[in-house]
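In the two complexes that follow, subunit A is the common piece, with subunit B as its partner first and subunit C second.
So, the complex of A and B:
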């Protein structure tokens, strides 16, 4: 199935280039390590063979779009925008919807090649005491080769990322061409941070502290997030300087609270920040709270409907007023 | 451990058109309310960046009170309604992380509600006194 999708992607991209519909295609190529894929930028049809499709095409490619469309801030003369083709899984396409709604992408200049996603694997789910020297994927099974040339067979389902297991939008909400991939996987109930929420307030704070104390403030989560396109991030601002330059946990918390809260009503739960984190912080426990609240309080899901107003720029008369303290 | 004489420091972000005038009315009417509250006037509750609230906590404020016009009465038509969504999400989020819900409170106070303003301040001060000085989030070097 994976191979068929890969051939189909190549066909479509080839057509796009021969019909001169796009200047650039963003997809995946083989990663430098087994069980990884890297984002890949294709500008000429000879390079199409580089494209791959497998169970580890997990990066959210939408992250590149705002950067391509806004290369120079405040340029007065009209510049011709590039025409971009992009491979989009459900979450990528939702990110694209969010970015279109926030006027960061010119919809007419983006060709979305949607794929019904079967969930992507997480390399970190494999026991970390084995060194993976090779890997092969066939019919829903992944065979990895360790340093002693011993083969270990794993089921694809066992390796799925947490956000993919709970994903309810495997089909891209917008697309110009859609590639089917067989039956849609049933989504597990949304759970990110549910157990966490049941704990007492002190336990929650201690766990939050524990997780955040791992953070080295490398800002990889910000760089990987398609929603973080601000030209000047609050974390980098000097007037006002929001975050102190120390490694004090309070500063780190302030960064994380600020970053995560900026995703309110925009986070599509693609898991890019979790994957990008070099310290393995389980950021989903915190990010998913806002996703859930947006749904429960305001019946809003980010990146699903293009016509719907943005969560924090609109209101409804029936919005709940439970947060108000009455005297 | 609790200090009986603990006097919390509360920062109140008030909108210029309703709540600030409400606080003013409370003062002009000589209604007594605790002096723990430090008022910061803003053009509208919609002007409040959620980071202000988090920053206040980080700087060692024991509680934050945010108040704006009642829904429908905003000087800028809908500033408070848009802000309301932010506040609801922020409050839930901070509580999710383990910050006491009493530390960050929101209310609507109109320009004619001097007594109500005094009551809200009393309530916030009493609740914060109850839970004691802020320990979480504060930056102590």
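So, the complex of A and C:
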């Protein structure tokens, strides 16, 4: 099935270039390590062959759109916006919806090639001490080869990212063309974050500190997140400087709390921050709490309906207010 | 005169216990293949790093920590200023770093050139020097290279000695220690009661294991022309393409064992403050942002170019060495798989 989707992607992109509908296509190419794919920028039809589709096309490609439409530094002359084709899984498309609603993307300049996603794998699900020297994906099974040429066969499902296991939006809510992927994976019950929520405030705080203490402030979580498009992040501001520069837990927590809370009502639970973190911090424990709060308190899911107002910019008389006094 | 000695693995704890009276001992600690250098607190703990591959974050953090307070300053009621050197660093001044991989030991040799330089150098980083000068580096020859390892393309070897005072070889039940520097020899002499003499069979065993290990490093890049090619490529079109997928995070620079850029910041309140040195990254816009608001490296392109140029052109110019040891951390951890080997290959092929 993966191969057929890949062929279909190439056909569509070829047509887009032939009909001069786009200047740039953002998809995935083969990664340099087993079980990876890499974001890929196609500007001419000769390069279309580089495109791939497999179980490791996990990057949220929407992250590249704001920087293309709002280049830094601001140009004085009005620049002509490029026309961009982009491959979008459910979560990528939800990010695109958020970005359109937040006026970061010119919708008319984006051609969305949607794919009904089967969930993406995470290399980190395999223990770090197993050195994967090769991998092959076939009929829903992934065979990895270790350094002693031993083959280990895994079901695709065993490697799925946590966010993909719990994903409720495999189908892109917005698209110009949609590629179906056959048998739809049933969405798993929503479970993420529940354990965290059940803990006492004190335990939650301790768990947060423990997890966040691994942070080295490389800002990969921020840079991988499509929602983090601020021209200047509060963590980088110097006039005034809001946060100390050290890796001391108080400075790190300030950054993380700030970034995480900026995701309230905006996070689409794509898992980009978790995947990017080089220190293995499970940031999703915290962002997912916001996702659940948005859903449970306001029946709101980010990036699902283009016409719906933004959660934090909309007031309804029946909005719940308990959360203000009850943490 | 090189000295080779042998110690049984099960006697090492006793030796470390005695050493810990005088030295702070740093070892790779962790589980499930996920390691980081930590100070050994309990010398009864079983040492589990013999088969580890490498630490996620490079051991440069021991000598060049993410952030350190250089000094504190304050003002009293009569507006008298006073400065106090940071004294909260209570650690003993003598360190042993045990188990560092040869690639990372070599990288510490590079950092020495940057922060200490030649003898009688004018510009010495006293904060680095105070840690470095009393540090003994006992590297652990690499028996489990990864597919992202390419040290052999950069003059390194899984049993390379550069940067280490002593190199240790795991030959099964025992560890073979080989001295590299005078400092190492002195250290071996001090610890001689724990050490036995090497037999010919031990050396044979060692040679066999590490010949095998070198064979496992199959990833090769050609670096011969990189410096020269970069000399004329500052304006090349190549940079317009190569940076495109870069997210602009600091993973590659922070995890790198040779990256050494830092920032100095004052954190002040009404009448007191601290001067702090902390890691910085050329991948961040703030790195070059001027007070005027102008930024000479405004985009991802310029920042990525700087990283490559610094490692493969400016450092070879200044220190006669490519500032990459082929540890592969940036390859394994880049969130978009922007592989430095591919960048090097593309640079080598520039017209």
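Here, the second predicted complex is superposed on the first by the 316 of 327 C-alpha atoms of A that agree within 3 Å, B and C clash if a C-alpha of one lies under 4 Å from a C-alpha of the other, contacts with A are read in each partner's own complex, and residues count from 1 in each chain.
In this section, a residue touches a chain if its C-beta (ideal position, glycine included) is under 8 Å from a C-beta of that chain, and two chains touch if they have at least 3 such contacts.
Keep in mind that what you see is a predicted model, and the values were worked out from it rather than measured.
Chemist: With subunit A superposed, do subunit B and subunit C clash or fit?
Modeler: Result for subunit B and subunit C: fit.
Chemist: Of the partners subunit B and subunit C, which touch A:79 in the superposed model: first, second, both, neither?
Modeler: neither
Chemist: I'd like to know which partner A:147 touches here: subunit B for first, subunit C for second, both or neither.
Modeler: After superposition on chain A, A:147 lies in contact with subunit C alone.
Chemist: Which holds for A:276: it touches subunit B only (first), subunit C only (second), both, or neither?
Modeler: A:276: touches subunit C, not subunit B.
Chemist: Go through the superposed model and pick first if A:313 touches only subunit B, second if only subunit C, both, or neither.
Modeler: first
Chemist: Tell me the contact category for A:245 with respect to subunit B and subunit C: first, second, both or neither.
Modeler: In the superposition, A:245 contacts subunit C only.
Chemist: For A:254 in the superposed arrangement: first (subunit B), second (subunit C), both or neither?
Modeler: first
Chemist: Name the contact category of A:36: first (subunit B only), second (subunit C only), both, or neither.
Modeler: In the superposed model, A:36 contacts subunit C only, not subunit B.
Chemist: Would you please give the vertex angle at the Cα centre of subunit A, with arms pointing to the Cα centres of subunit B and subunit C, as a multiple of 10°?
Modeler: After superposition on chain A, the angle is 90 degrees.
Chemist: Of all C-alpha distances between subunit B and subunit C after superposition, which is the least, in Å?
Modeler: 10
Chemist: Residues on subunit A in contact with subunit B in one complex and with subunit C in the other?
Modeler: In the superposed arrangement, which is not itself an observed complex, subunit A uses residues 244, 246, 248 for both subunit B and subunit C.
Chemist: What residues on subunit A touch subunit C, complex-wise?
Modeler: By the definition above, subunit A touches subunit C via 31-34, 36-41, 59, 63-64, 67, 71-73, 127-133, 147, 216-220, 222-224, 236, 238, 241, 244-248, 272, 275-276, 278-280.
Chemist: If we count contacts the way the header does, which residues on subunit C are in touch with subunit A in the complex?
Modeler: Per the stated touch rule, the residues are 32-34, 51-53, 56-57, 66-67, 144, 146-148, 216, 241, 244-245, 247-251, 254-255, 263, 265, 267, 276, 278, 281, 284-286, 295, 298-300, 331-333, 335-339, 341-342.
Chemist: How about subunit A: which of its residues touch subunit B in the complex?
Modeler: Contacts found on subunit A: 193, 196-197, 201-208, 234, 242, 244, 246, 248, 250-251, 253-254, 257-258, 260-261, 264-265, 286, 289-290, 293-294, 297-298, 311-315, 319-327.
Chemist: Can you list the subunit B residues touching subunit A in their complex?
Modeler: Residue positions touching the partner: 50-51, 54-55, 58, 71, 78, 81-82, 84-100, 105-108, 116, 119-120, 122-124, 136-141.
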